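Shared between the two complexes below is subunit A, which has subunit B as its partner in the first and subunit C in the second.
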Partner chain A sequence: MLEVSGLNVKYGDAQVLWDMSIKVGAGEVVAVMGPNGSGKSTLLKAICGLVAIHSGQIKFEGKDISSMPAHNMTSIGMSLVLERRRLFPSMTVMENVMLGAYAKHARDKTKERLAWVEELFPIIRERRDQIASRMSGGEQQMVAIARGLMSGPRLLLMDEPFLGLSPKMVSAIVTLVQAINKRGIAVLFNEQNVQLSFGNAHRGYLLESGRVVLEGAGLEMLQNETVKRVYLGSH
Partner chain B sequence: MPISLLFEQILNGIVLGSMYALMGGGLALIYGTMRILNFAHGEFFMLGGFFVFFLFAGAHITPFLAVPIAVLAAAAIAAGIQRSTLAILQRRDGWLFATIAATLGISIILQNVALLLWGERFQSVPYYIEGTLAVGDIRMAYQRLLILAVALCSLALVGLVLRYTRFGLAVRATAQDQEAAKVMGISTERINTATFAMGAGLAALAATMLAPLIAVNPWMGLPLLLKAFVVVVLGGLGSFKGAILGGILLGVIEAVGMSMTSAEWRDVISYSVLIAVIWLRPWGLFGVKER
Partner chain C sequence: MFGAPTRTFSVNFALFLVALALFPVFVRDSYYLHVGILCMLFASFALSWHLVTGYGGLKTFGHQAFFGIGAYFSALVSIHFGISPWLLLLVAGIVAAILGLLIATPVLRIRSMPHVAIVTLSFAEIIRAVISNWRDVTRGELGLWGIRTFESFSLPLIGAVSFTSTDKVSFYYLMFLLFALVCFTVLAIMRSQYGLAIIAMRESENAADSLGVNVVKYKLFLFALSAFFVGVCGSFYAHYLLILTPSAVLHIEVIILVIAMTLVGGVGTFAGPIIGAFLLTILGEWLRGFGDYRMLIYGTMILLCVMFFPGGVAKLGSRLREFGGFSARVARR
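Take a look at the complex of A and B:
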């Protein structure tokens, strides 16, 4: 479904992604794990066109999208939930959610999607007129994910969806991601915590200083010696 | 001062203030959406003035047509300029200072082009309607009432578009978070161009309305630009609603202040207001403190 091959990204003279190749199959949940500065956020932004790529190729459902502008992403069936939610702070919950269906193709199906999203996230209906910035982090994350689903994506990308959330909220979001995936939507997310990332994904990639150093099935990754030694601190 | 005179001064202030509101509203719209301080705003005002001079005073086209044509022409020029300069600069790092320098440059170029093409003579535009309305002791030229009506209607229209249309929603989203807006599928570059043109159009509209009261010339934009900056600071940087209220408030303060002193004190009064606001309430009268 998504194929990134030989991706190089530079910020000025500094190269942040080196020859990176990753894949997401239809209906899969894929985790990208790595420490701060390993390039996992840049990877997601490059896929979406928010960061210019230096070389390499990004294909979505067979189509080359390497040079597609970010604002076309939702119309080809991809959607990104940005790091730290990034809701429009002075808009209401409903305005935020409706902006998720801004793309032309999504407009006609707004009603049914809203019904579906409200079923997954009852908070949307309960708080529809609340100003987004007055909600808690976890509540905002729910609205952000709901907003990301309004364009009807087949692939949902999530940049650090658990960042700064309470443990209770984290498990609520995990459950929601599973529910979203059950509807056939593929998910690509990144996360710094080994358990949270590989424990909740079909497959995973481990990044270090802008390179993929390890890949495999989620549970295998959890069992991997390197992962255990470096990231779980066991000997 | 007799009460009717005071009332007349306040009314005059509201009329003048509605022009400040048009100027400041456009400036606030541009700043709020793309974080560009548009130093060329006065020149789009000037273009509106010249266009209406040629169309109405020159070619005797009815104001009903001359004014919209002048406004659209100035907005189209603004869109072209934004596309070929500011839009390109904003894709680069460190654009904040670059765009300030660029709008200053655009301002100088437009002034000199106007000087070259149309000369330095001050041109006058006749009133769109003659006559004076008199209610009791209070007298008001129809032209001034027309100015007020046009300003209020167009500002209300822009406000409604921003509040209730898809385009307005996209503008507000872009203003609050450009990156998140892109992710929603909004072409923020197109929104930036449209907003810049809209802001410039409001400035041009102010000039078409004021042209009969002031002389049309290549430098006519500067005093209004400075007032627009005062208004934008007064209302809270980037707030469209704040700029409108700030504009009208400034007009009233100026008019009443002048009637108590003299006309030379006008700028002293408005800049004193500016300094006081920056001093006491730097986020503006209607803005919110930075989160």
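Take a look at the complex of A and C:
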């Protein structure tokens, strides 16, 4: 479904992604794990066109999207939930969610999608007129995910979806991600915590200093000796 | 679907327009009409600037360039080619809009707002320097005169509509129509789905971008539209006052005044720039005797506003329920 091959990204002279290749199959949940500065956020932003790529190729459903501008991503079936939610703070919950269906192709289906999203996220209906910035972090994350689903993506990308959330909210979001995936939507997310990332994904990639150093099935990754030694601190 | 007007807002706004429209029926004194014209002129200017800065979130400090270009272009063409000011009102707007696109293009590449402010301000200063030094054509600070005024015409029922310096009523109504045009255009945009996208762009550019909002297109559109209106205002100014100096239309004071109006009235609201423009224009006339100290007073007002009621008069009003619907929905943005 998504195929990134030989991706190099530079911020000025500093190269942050090196020859990176990852894949997401249809219906899969894939986690990208790595410490701060390993390039996981840049990878997601590069896929979505928010960061210009230096070389390499990004293909979505067989189509080369390497140089596609960010605002066209929703129309091909891909949607990004940005790091730290990035809701529109002065708007209401409903306005935020409706903006998710802003792209031309999504407007006609706004009604059905809204019903679908409201079923997954009852909070949207309950708080529809609340100002987004007055919600808790976890609630905002739910609105952000709901907004991301309004364009009807087949692949949902989530940049650090658990960042700064309470343990209770983290498990609520995990449950939601599973529910979304059950409906056939592939998910690619990144996360710093080994358990949270590989424990909740079909497959995972381990990044270090902008390079993929390890890949495999989620549970395998959890059992991997290197991962255990370096990230889980067991001997 | 988005931002349906509240009834209080519609009623208040309609009453305000009716009051403006009836003003010349009761007040014939040409000085008061002149102040009324200036109020609406600056309200239109402030609304247009606010479209880019308040709603779009692009901090531009160079809109006086569009005002000056609109004024000088219109004046010079009317003097040298004898073209009707009626046509020039539109053409000056288009010229300013093209210039707006020209300056917006580099601005779009800058993400840091202080730099946007400096680039636009420098651009305006270049225009000012050129116009004040190109004395053969513009006469510089000596002032450009001999500008044609609007041709008179006659309307059924009303009779002759003449534009002379002694009769300000026609100018008043022309400005009123321009002001109403700016108001309704801004309202129409901000209440459509485009308005929501523009606010989204201001609040989180990346999020808006990744949801399918073509940020570049919107920024260019806002800049061009805003420059168009300010250019039209400049053209009106030229054919109304019939004398132009670079310090009157292109000085940095012009944009400071507009910024002060918007801040005092309330950034991010529809009513804010209008309230601020009326307040400060009237105050400015009242303080005319203070000469250069006026800038000091404006500065103090901005400071006090930012410190004590950052939302501006429009939001202060809504808190006191005085302006009612002005604060709701669109105004909140």
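Going forward, the second predicted complex is superposed on the first by the 235 of 235 C-alpha atoms of A that agree within 3 Å, B and C clash if a C-alpha of one lies under 4 Å from a C-alpha of the other, contacts with A are read in each partner's own complex, and residues count from 1 in each chain.
Everything below uses one rule, namely that contacts are C-beta pairs under 8 Å (C-beta built on N, C-alpha and C of every residue); 3 or more make two chains touch, one makes a residue touch a chain.
Worth saying up front: this structure is predicted, and the values here are computed from it rather than measured.
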Partners on subunit A (subunit B, subunit C) - clash or fit: clash
Please work out whether A:E95 is in contact with subunit B alone, subunit C alone, both, or neither, and reply first, second, both or neither. both
Looking at A:H71, would you say it contacts subunit B, subunit C, both, or neither? Reply first, second, both or neither. both
Contacts for A:G152 in the overlay, against subunit B (first) and subunit C (second): which applies, first, second, both or neither? neither
Touching both subunit B and subunit C, residues of subunit A: 48, 50, 69-75, 79-80, 82, 86-91, 95, 98-100, 102-104, 106, 147, 151
Which subunit A residues qualify as touching subunit B in the complex? 48, 50, 69-75, 79-80, 82, 86-91, 95, 98-100, 102-104, 106, 133, 147, 151
Help me check something: in the complex, which residues belonging to subunit C touch subunit A? 1-2, 193, 196-197, 199-200, 203-204, 206-215, 268, 332-333
Quick check: in the complex, which residue numbers of subunit B touch subunit A? 166, 169-170, 172-173, 176-177, 179-188, 291
As the complex stands, subunit A meets subunit C at residues 48, 50, 69-75, 79-80, 82, 86-91, 95, 98-100, 102-104, 106, 147, 151
